[in-house]
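The two complexes that follow have subunit A in common; it is paired with subunit B in the first and with subunit C in the second.
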Partner chain A sequence: MIDVLPQPRPGGRSLRGRLASLRSDWPHHLSSARGALIAFGLFLAMFTVFVSEHPAGFSRNVVNTAANKGALLALVAMAQTIPVLTSGLDLSVGMVFVLTNCLASTLMVGNALHTALGVAAVLVTGLACGALNGALVVLGRLQPIIATLATSSIYFGGALWLRPAPGGGINEEFADFMTGSLPGGIPVAVVLLLGLVLFGWIPYRRSVIGRAAYAVGSSEQAAYMSGVPVARAKFLTYVLAGLFSALAGLLLSCLTESGEANAMLGGSYTLSSIAAVVVGGTSLFGGAGGAVGSIFGAFVLRTIGDLLFVFNMDPLWQPLFLGVVLLVAVGLGSLRLLRVKNRLDLFR
Partner chain B sequence: MVATLVRRIDKPVLAAAGGIVLLLAGGGLYSSSFLSPGYLLQQLQVASFLGIVATGAMLVILLGQIDLSVPWVITMGGMMSVAAAGWARPGGWLAIPFAVVCGVGIGLVNGIGVAYLRIPSMIFTLGMNAIAQGLMVVHTSGFAPQDRATPTMQFLSVGRSLLGIPNAVWVWAVVGGLTVLLLGRTAFGRRVYAIGNSERAVFLSRVNGNLVVVGCFAASGALSAFAGMLLAGYSTKAYQAMGDPYLLPAIAAVVLGGTSILGGRGTYLGTIMGVLVVTLLQSILGIVQMPEAGRQVIYGLVIIAMLLAYGRGEKSGF
Partner chain C sequence: MAPLFRMEGVTKRYGGVRALEDAHLACGQGRIHAVLGENGAGKSTLIKVMAGVVRPDAGRMELAGAPIALDGPGSAARAGIVSVFQELSLLPDLTVADNICITDPPRRLWKLIDRRAQRRLAEEALQRVGAGDVHPLAQVRDLPLSRRQMVEIAKALARKPRILILDEATSALSSADVEAVFRVLKQLREEGLAIVYISHRMHEIDELADDCTVFRNGRHVATFTAGSRSPQEIIELMIGREVESVFPPRERRALGEQPALAVRGLSWAGRLKNVDVTIRPGEVVGLGGLDGQGQRSLLLALFGALKGVTGSVEVDGRPISLSSPRGGAAAGVALIPEDRKTEGLMLPMTVRDNLSFAALGRLGRFGFIDRKAEEGAIAEMIGLLRIRSDGIDGPVGALSGGNQQKVVIGKWLMTRPRVILLNDPTRGIDVGTKQEIYQLLRKLGEAGNAILFYSTDYAELIGCCDRVLILYDGAVTGVLEGEAINERNIVTSAHNLALEASAGGGPA
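Let's look at the complex of A and B:
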């Protein structure tokens, strides 16, 4: 499916013109957002059940805890989405997440200025990790899956070097702010996600380089022939993936107020991020989907665990149940096979 | 004669062989015991477990797919073999076949999901990994199983019989020999390469490619479970997450050996070389008492360096 919208709208178009084009484009908009809408509906239904069954009900604490847990995976899933759009993959997101957690627990201490510098250093590290991945894929012409596999080992080594043993700490005021909620009861983590979508993801998606990423994922050859900046677009997706992973590492540090070079944690976040991307309606073949769907995909995955908790399911059965839900969710995508007219289209 | 032989061996295999020589030379400079036959045989024994896993991974990668269910299928193989050993006393003859059957079961589901449901292998095998993990957690209640490996399993993995060479190496040799025959001398093997190159062309040739895909995933499951059984024999018991350290090294070994991650190209000789490179690299980094952090960094850097040397894609420009 080609998911590159028609031309970016010129600035000075009349409202009527915009409405008219929206009317004619709506089937396209709907079909490109279908995955995200399904994930959102699923999340809403599951979260309603969760809150109504929870002994504490719809309280600030319950919502806040769920938001923080979900936002961690949502950030890593957003990171994963962007390279996946170009039919790439970043297997190092989990390890960048762990590395930046260890870095934050070392640097983000002391007064406000130190903390601010620490935040900047963490984000720059994420960008640098992403830039290395991007350089290996674009300039080194390595397959993304194997290149990021190798770099994840390097990033984990860095994390171990910074934190041979779990520990460290971060500025408590900052941590409390990031993991708390605003006066209206809205968790700061949700505001962070919303801000990233409004001021990060949407401008990116509407920019030339963001559209180029979709074009590359749909057909790299056609994109190249059309003069799309293929190399720059691919490089930027990995850089952004590094940045979003670093944001997740920052949030993790605020939640745990310490750092730990935990290989299992990094590995599980990498794999869960792929699952969240798929549940959120992004195609692993690239060219269709988006980061908003992945956010809901991440929240769906996290809410499953919460649901098992409130229904008092034996914790031993949880991993099995999670696996079954994941397979059913991706299996539903196979219903499209029933509509395929030419079986040749099934094969690449 | 020699010239044709050299021409038949492709560049990645030669480069990997060069890597092995470099690693051995470097290790030998550090400590002369590194080049002793005893140590080298021990490395071969350790390599054979990875080699068997990598064989399955290679079959799937040749199709242009990937099998991420390897870690918990290995663990399943280990746990099911010791459990079956407990059920079928005395002798525990059931242990090895039961482990392999469990692996084939997971592999068949993987293959059906990828071939018939057309779900990307990366996500489907990930889900099956979670299911295998879930089944094992339920089976063991989250603890390490108390059952012990049977004498046959220990004989296969730690024993040394013929010529003083570890039996595990002989097992790998048999698995490897069968794989070479399968890939090079059978229609099935040709179809594996054909699917990796163009699944459309295979479909248009009226070949049932889906059966080949299912077969490769089943073989990968069987080999992973078999390796898990050997690992359980090696340490006399099975434990949680015993397969986790094998997924990434297996993929790295296959790719370092020159198999294209996009499928359709690769030789088994290359995979053997890749397995030896990865095993020696891990061993040397362990021996020089480098802290774990440095080991991880060097491991990643060496793989990137080798890939940059010969694993690069075509120059784009279409």
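Let's look at the complex of A and C:
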């Protein structure tokens, strides 16, 4: 065993100590951010090819459109990430997204005050949907996959009830602002994502309850034994998933300026959100990964479609490429199984 | 001085099984209290009660004179009772520093975790237990077992306990690490902590303990000052029960000449060390020793469930491949697994399907199942094992534990194995079924099978086996035969006492 006499560990106040500790730390920081970095690199490469091939090039319009499409999935993927970290799953994110879209198209109209109240109502609805999911999983002890499959039907029913036929509308000024770009060409959707990461995700990750989510996903039993608030942490992940899905529904309403109870749309966003989470380096077994990776994962998935468009390829290639990207991402994730010594561990 | 912690009349039952009965324990400040007992004596339940993991059916606990009720590990931690468990309670995906501070991380602005302070705490705790070589930002998953155990101890210390419980906390450590941990424990004793120490290693208890308490069959047997009794006397206290005569009489019988199973130089991942086993046809060989000394790994390795096993295994003189359980089964090796619910049975499927799964190759023709042959073989098994079930087409999950275990055994007997490996087959089974299983073992032996039998119950080894191999730290350290198979010998060699006396220290 590598047992050595206790040595003073670098990391004191001296500059040299700081530098030494930085040098010994970076491999650990890098390995924890690896999934997100790979997704970011993949997105950067694909997006570079896309804008260089696009007839309009790196124009404000091209960037804005790509950002809006990507942000929509990125928000749903962030929602999905949080329960997945606890080794749960939320199959209702897509339907909460559709439900809040329908709600927004009826409430977010009229003057500024009216619209603001509408926004608040939409977000509260998202929270309530998430709270129901969380209650079923934590208090009802149902398996997340079946509990959220059931509630997703309920939420879609709500959407149909609100808007049996596509239509409605929302405050145009608000919609234009949300889908436009700031002076300097930065899309508002990107600013929204950045704000959510800085003031939502990072504080959550650094909080006791956020760390508890990681702990639960890593080993629920060990987390309980360590006095971690297991039930509260799990409940909150579903509530946050509802909130982020509602934000996505809000953005969708701003893009389409109408509401539609579209089952196909909800289903495809749910599945794509799981794909984005995996591409972004979050393990479906829980405990490792994060929402930042999922954002890049979502942008990777969206850019695939754009690439096929600029290369004039048949849209029927899109599912195939999507599948290949997913398989490669998942394959990288299971490389660790090659190191397993006890074959029975493969099944645990 | 009044003890810091006291429990009285604590009782805990699981179903009909008594895990603890009227247990009492008192721990004083600044003292190390060793708790001793055989496997299954109730030590683990005892400390789980103290740690708030298990809620007792009856009894009361006092901390510093005031009664306390624990409703979870969190409330025990807040009361200052911290335990280092045998099954590690670390979170593999989190960093070492995150793990050490998981219960109550340092916080600052907006209650967010102060990562710099957390890291400093982690470094101090690691330094203190002599694990300064562990990087606080490393993922626990990437650390070797001995380092994880050190992190576990550091984690316990970082919680500033008043009462520290260590359950087999040194089992995976090198002797240098053990020394470092002992230094810390002695220092903590000076600082006035109450320490509860559970270990199977006698010499560790000699070195550390101030008081000793012996448990047996869930009951408190004796409490005495360390050093007032000899190791032999302590072992008497630990055993001290009559062996019930539930075993079929032993008969002299002729064993085959050619070994049915010959294992040479079997090693695996540092947990099995150069194991040799030879079993002749008709022989029942037992595996003894303390829990977790490599017995389970040996059976799994022979069955082909482990990867990277070195050494040779021959069945009837023919070398067999250890690359998968299918290969093992084809060569005539059957394993009755330890956990019937996950490794032995498909609970929702019928008794019929479960019985014939492993033997489908023998019962089939051109890939189709020969229903007639299957019917016959199943009827034979049900008769042989006296499986009671309401028809063989009901789900196996509806049977009693004993009958489920018979189905597991029957499933493997249907493959007509040559070598039968049994992994603690009677755990959690009623006495009647146990007796039937002992008789079955005898019958299988008479039929000329080679049987390797691991049991945590020493009485079973004595009652059933022709020969007993004692494992310690992954190696065969003792062989008992004939009259020499008695409880005293098994317990003595299981604690590796003779060996320790000559080596003068713990295993490296």
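Methods note: the second predicted complex is superposed on the first by the 308 of 348 C-alpha atoms of A that agree within 3 Å, B and C clash if a C-alpha of one lies under 4 Å from a C-alpha of the other, contacts with A are read in each partner's own complex, and residues count from 1 in each chain.
Going forward, a residue touches a chain if its C-beta (ideal position, glycine included) is under 8 Å from a C-beta of that chain, and two chains touch if they have at least 3 such contacts.
As the structure is a prediction and not an experimental result, all values here were calculated from the model.
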Comparison of subunit B and subunit C by subunit A residues contacted: B
Contacts of A:Gly185 with subunit B and subunit C, given as first, second, both or neither: neither
Partner chain in contact with A:Gly217 - subunit B first, subunit C second, else both or neither: second
Touched partner set for A:Ser32, first subunit B, second subunit C, both or neither: second
First (subunit B), second (subunit C), both or neither touched by A:Pro203: second
Which superposed partner A:Ala288 touches (first subunit B, second subunit C, both, neither): second
Which of subunit B and subunit C A:Met225 touches, first, second, both or neither: both
First (subunit B), second (subunit C), both or neither touched by A:Trp317: first
Doubly contacted subunit A residues - partners subunit C and subunit B: 221, 224-225, 343-344
Residues on subunit C engaged by subunit A in the complex (per definition of touch): 51, 53, 72-74, 76-78, 85, 88-95, 98, 102-103, 105, 107, 110-113, 115, 119-120, 123, 127, 130, 132-133, 135, 137-139, 146, 155, 174, 176-177, 180, 268-269, 300, 304-308, 324-325, 343
Of subunit A, residues touching subunit B in the complex: 89, 136, 140-143, 145-147, 149-154, 156-161, 164, 220-221, 224-225, 230-231, 264, 267, 271, 274-275, 278, 284-285, 316-324, 326-327, 330-331, 333-334, 337, 343-344, 346-348
Contacting residues of subunit B [partner subunit A, same complex]: 66, 68, 113, 117-120, 122-124, 126-135, 137-138, 141-142, 199-200, 202-204, 209, 244, 248, 251-252, 255, 261-262, 291-301, 303-304, 307-308, 311-318
Sites on subunit A touched by subunit C in the complex: 1-4, 6-7, 9, 11, 24-25, 28-29, 31-32, 203, 206-208, 211, 214-215, 217-219, 221-229, 283, 286-288, 340-344
